[in-house]
């Protein structure tokens, strides 16, 4: 290994990375919000097993959980415009693919959380005259959401990593920018190592935080 | 009677908490020793130190007159291989049985003979059946532990320990996790072992067992041996206040004579 | 617009070759990743502090960095750094073996740690060494509990292998790209391969649900 590591070009090009990191954060912010909120709705639909809602909700979850995200992004980028006549920008295609995928995964997390709540809680709500939605909102969800917080955080970490897939449809997130630098400066070693380090530095504290959160939640209640 | 086990000035701490504060003890071959004491008195820790399930903080243990561990410059070190060999000579039975759920009763009893003693399969199976017969469970050899009652599980655990041909058996509150009506069958097995001359050290709350089976009773309190003697005198005429309180606590809801 | 699947059917052999390569990379990464993961898990559970910390770092690093970044690194950076030739195939296998081993390590670790401490004590008391206990008593029980998580992770791995298309390895995704370009039928091509992935992955996850139920029924847990 006689390579001379030279991170100088990385530092002189920090603006290029900065643009990429901002795009990554934007992508993450949009997809995680849409995915987690939409997932809650679908998760509840999955739980209540209403005949009109149950089947479509199940189909949605199965389709988006059982196909690769990259296929979803590419499909929204190349196939979706032909089907609908609506042009999808790289950003929109990636947002659609990643958000819908996240909705499907988080829906199952929410559903499991709601199911884990003791049936007696529903009965107690009913007994004091609460409606279904009141019981759900005031009694079931507060506890269920707390329980699924670690699983949701883990999903969030996955979503953050998934944002790199947007580079494949040429959205200028961190990895795309690194690729640009690698090609301009012929320094793939430093430029890709830098991306890996950026992700590690951002996510490592989050992962450690998740462990701590799990410990705290395990200690309280149950 | 020859001396089988000697414990000298044993200290054991967990972090800053000193559980055993200098224990001296000896057990003769063929003797049944019962350790009594309230929870937190250190009796289970003492038992677990004897076969090095816990490492000693200081002090030493001799088996058949040989000190365990190798002493260099005043510090005793223990090699895993030495401790493993030692544990084959000291059988142990636990409160929660610790049978291997993925093995049948027979495989449970054979396991140590095969992997540790290196006996061949036929010999191990034969010895296992002898021990299972001894505890009255030969007909359960092909069952999985999950199909047995608590009392039967505990007797299998006893057979598993006996199959290693140990010099001494340690019993760590072996009836505490059992339903009351299952306690008797396990105590009966233990009594039978004692009568056959097995050397035994038992931590138990069964005062009746101590009274009828033990040769000697030790009462532990706050990490030291508080009172010691033959069961008839210790249990009938306790000399110390702590021992009296302990016995009264146990007798609170006895049926009137 | 009109659906026309004829171009897809005409190029089915190309897509099937891609599917085969997808399965090949997944299978190979799995068969290397699992033992590697066990090794990492044992290192992490080791009582030797430095060994445990090295393993923890490797695991966390590969869990927190995106697989696509890892793939680019092993394809573009690694060969220059170590002056070796790297094919897309080799880069894919290396990346996904290591990447999945980090996840498998955590499955092994939590499986091993889920086994009741009494099992270690029971085997220790009959004179077994730590290694014997692990091999004969702990792992056989832990592996059974880990099977559902294993299958889930294998499915994730299968999905992740689509990334190899970006470094021009001819997996199903890559073949779809080239067929879509040559036939000008992206809608049909990408819909068909989405369906292929769906059938494959849905089938596999249904299978894992069946296995999980079987295990739950036969499960004897720990003795207590």
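Order of writing sets the chain letters: A, B and C. Residues in each chain are counted from 1.
Going forward, contacts are C-beta pairs under 8 Å (C-beta built on N, C-alpha and C of every residue); 3 or more make two chains touch, one makes a residue touch a chain.
Just so we're clear, the structure is a prediction, and the values are computed from it rather than from any experiment.
Using the mean of the Cα atoms as each chain's centre, the chain most removed from chain A is B.
Core chain by CA centroid proximity to the global CA centroid: C.
If you average the CA atoms of chain A and of chain C, the two centres end up 20 Å from each other.
Each chain gets a centre from the mean of its Cα atoms; for chain A and chain B, those two points are 54 Å apart. Averaged C-alpha coordinates give centres for chain B and chain C that are 46 Å from one another. Counting only residues that touch two or more partner chains, chain B has none.
Of all the residues in chain C, the ones that touch chain A in their complex are 1, 60-61, 63-70, 72-73, 76-77, 80-83, 158-160, 162-163, 165-166, 173, 176-177, 180, 186-187, 190-191, 193-194, 197-198, 201-202, 205. The touching residues of chain A, when paired with chain C in their complex, are 1-3, 62-63, 65-72, 74-75, 78-79, 82-83, 157, 161-165, 167-168, 175, 178-179, 182, 188-189, 192-193, 195-196, 199-200, 203-204, 207. Looking at the complex, you find that chain C touches chain B at residues 116, 118-119, 121-130, 132, 136-137, 140-141, 144, 220-224.
Across the complex, chain B meets chain C through its residues 51, 53, 80-81, 84-88, 91-92, 94, 96-102, 111-112, 115-117, 144-146, 153, 157, 160-161, 164, 177.
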